[in-house]
């Protein structure tokens, strides 16, 4: 599904060069649920930005879903983000001026789907997260957990091959966090590949594989027994 | 506390130099454009002789044709009087300071022929003219009543002409030649040039100062002709320069000084009596109508402020309102940009009033600076207009009142612009922006 | 297009949008009316006068002294002026057209108790009058030497014939051939012998500017005007010789205002061209202010929505789609403002019509003003919108 070979990312200012990632190698197979952990400043967010084509990298090769995306221009990268990747952000990033339905619709608009197609997908995605009845509400009228579920619906509506989650429960209390985790697990069980950045050890344990990043490099990979079973299921 | 707020305002203005200068610039530009048009308007509609404008009265008598009223004026009476009426009033009206007058185009030279001939506009008027309109004598005085009655050839020079003919020396007793006749100088007055020139509006409301003044008792014997307007409804009998003196044409202005309502009533009474008498003699075939109007009323009857002038003021205020909307937007931008800081201040105990006041102080500072800059723009704009157009210089003059008006206008405009943003920001809850 | 979601987002952030819309509305009201006034003044200044504006020199002469034989003096002057190289025709006149000074008389096709007299500019010229002014005679005949009457108070004889402008002819003899008709004044009557196509009279802002009559008469007196026609290109040379030529004959007089007719007109239209200059400056400054206002508010709104823009980019929006979002948003706000502006412009114009005797705004000034503001709005918002499109999608993963 995803293969990063010797990826490096260097931030330059006038005085210093900071290596956010150094010769970073990672392979994620289709159907995996990978959690990415690491201390702050280790390069987790940089990894996520590169994986989600939100950011460029300095060296190396990145193959996503069989396509080498290393040299793609901005428009092509936007297209891939739109069609193949779903994002879930720590601070939800719902657009405050749009109601729930219009929020979920945003990526579909950019894909240029017909109004009818969009409507069906929005309804489906909202019913998966259990918020079909709140379609006309504004984000500010919902609780944090509900907002994150809207964000998940927004990610699902595009039927992505890869779901990238950035501390999806970071701004939520534990009960809501559990609901979100269960939602993610059920999405995973439907075959979507998920990569989740988190600093919560308990959460990372629920993934099929844990990648630990330290100083911009993968430092250890824990394989869970469960993985075999999940791969088999997929 | 206020000092602290000024400090905050100053810091804030410096923190966003672009936004601050945009706001100040918008206000300044709005004020500048407004003040330029208001200056022209103000000077046109201003009182040209403030200390006396309620005591000086223009006299009108409806001597027009019985078939139709005079159409050129707003009160349907001719602006000027016929010569027979003017002389009748000067001879018979109650004894108040008053005079008929007109302007004439004449050629003047030094007594010894051979010097350069100068063509000048000269006012032919009575001796009361100088005291009625407060002309200021540098040398000598007005001609005496005796001189006027005897129709002596005497003249009061303006300062400019005295400078040119006599190098500014006391010329009383000297003589000059006017239209080839010898006149003795009895006085020299400072150039008199009120804006608008309310005493004779027949040829526009702004004119150059007149060069000299001659006794009106000379006009008929010497057959002087007017250089102003002559309006007739009936052909004159006879021809030549004397004919107009007997005609029903109107061509002299008539002013009287009346100190109070009683005097006005007395004078009006006389005019009505005169009108009735002339009607019986077979003149004045219209319904009886006379008017005495003080300076302000007179300016209105003459519609001195031109429509262009008013339209420009209207447009300028619309311009200012665009600038105000602009500033509201920019202020809102600026104030909302620091919602977080405001939120913290609220959490630290600032009341809504304090926040409101802090922002209003900032707004006023912007208004003040914008006003000063606007004054400068007004000055610069007026200079450009002076240079680039034919608009008379007298209309492009900034005085203290106008400057004060500019500053007040700037402050009001900015306060109007700043009220909503300040109020809006004052409503921010202490908690709102403290959460991440 | 994505108009509905843009609209609903806009409605949630009303204040900024309302402010821009109001600015646009007032700007439209001012700009359309100002353009209209500017164009009208331009038309007024540039309308044909019927005269050979560039090749006519005019001057006013005033004698000093009591026992001058004015007729003899004038005849000598005319002779001398005609002798200046480059001069083709010379006439005396009581007034200079377009100068702001002149004479008007009431005229009519009949004289009864309730005759409506038509105010008409009156020019007293010699037999060379038409040629001196370069007027185009469209019917009837020109003056001859025999038509010209030199007024003498002893004889008290007036001219018999008159040539009138087409505008006057149409006014007092509608649907009739004026040539041969009698033109009445309250004290005299004249026979119309010819019609000139067009001639402007003395007062440029008077509605009767085109109604004039030319009377073959000279009033010898202490002052008179000369109108001198020159060959094309020699006007300046002639102009520079007029004063000396006249003073050489008699220097006991003042020769004033030796001007080319074109310059006479320019000075009389001064207040109109001043109005044009001032209004154009106001319009330019206003458009500048409006653009600055739009740029300011758009930049603020982009700043405030940086995160939202990043999120949209992360969700797959391309740069041009972000750019388009802001352009469309601004276009919507501008359009709302313009709708309001149309009402405001009409109301303002109505006010001007009622209170200041201005004409009704021609309808096409409104779409023209709207087009200008639409373009200007897009131009103004392009910068901030372009900056928005450059926002990195990685903003989305940044925690607040």
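Each chain gets a letter, A, B and C, in the order it is written, and its residues are counted from 1.
Definition applied: contacts are C-beta pairs under 8 Å (C-beta built on N, C-alpha and C of every residue); 3 or more make two chains touch, one makes a residue touch a chain.
Values in this document were obtained by computation on a predicted structure and should not be read as measured data.
Novice: Taking CA centroids for every chain, report which one is farthest away from chain C.
Specialist: Farthest by centroid: A.
Novice: Using only alpha carbons, which chain's centroid is the nearest to the whole structure's centroid?
Specialist: C
Novice: Can you check how far apart chain A and chain C are, centre to centre, with Cα atoms defining each centre and the answer in Å?
Specialist: 69
Novice: What's the distance between the Cα centroids of chain B and chain C, rounded to whole Å?
Specialist: The mean C-alpha positions of chain B and chain C differ by 26 Å.
Novice: Can you give the whole-Å distance between the Cα centres of chain A and chain B?
Specialist: Computed value for the inter-centroid distance: 76 Å.
Novice: Provide the list of chain A residues touching at least two other chains, using ranges where the numbers run on.
Specialist: Expected reply: no residues.
Novice: When you check chain C against every other chain, which residues touch at least two of them?
Specialist: 399-400
Novice: Could you list, by residue number, the parts of chain A that touch chain C in their complex?
Specialist: Touch residues, chain A against chain C: 45, 48-49, 52-55, 74-75, 78-79, 81-83, 87, 89-91, 93, 95-99, 102, 105-107, 109-111, 138, 154, 158, 166-167, 170.
Novice: In the complex formed with chain A, which residues of chain C make contact?
Specialist: 2, 5, 8-10, 12-13, 307-308, 310-319, 321, 392-394, 396-400
Novice: Taking the touch rule as given, give the residues of chain C at its contact with chain B in the complex, in rising order.
Specialist: Residues 15-16, 19-20, 22-23, 26-27, 29-30, 33-34, 37, 62, 64-66, 113-114, 151, 153, 156, 186-188, 221-223, 251-254, 256, 267, 270-271, 273-275, 277-279, 282, 285-286, 289-290, 292-293, 296-297, 300, 303-304, 348, 351-352, 355-358, 399-400.
Novice: Report the residues of chain B in contact with chain C in the complex, numbered from low to high.
Specialist: The contact residues of chain B facing chain C are 19, 22, 25-26, 29-30, 33, 67, 105, 107, 109, 117-119, 179-180, 225, 234-235, 239-241, 306-308, 310-312, 314-316, 318-319, 321-323, 325-326, 328-330, 332-333, 336-337, 385, 388-391, 420, 424, 436.
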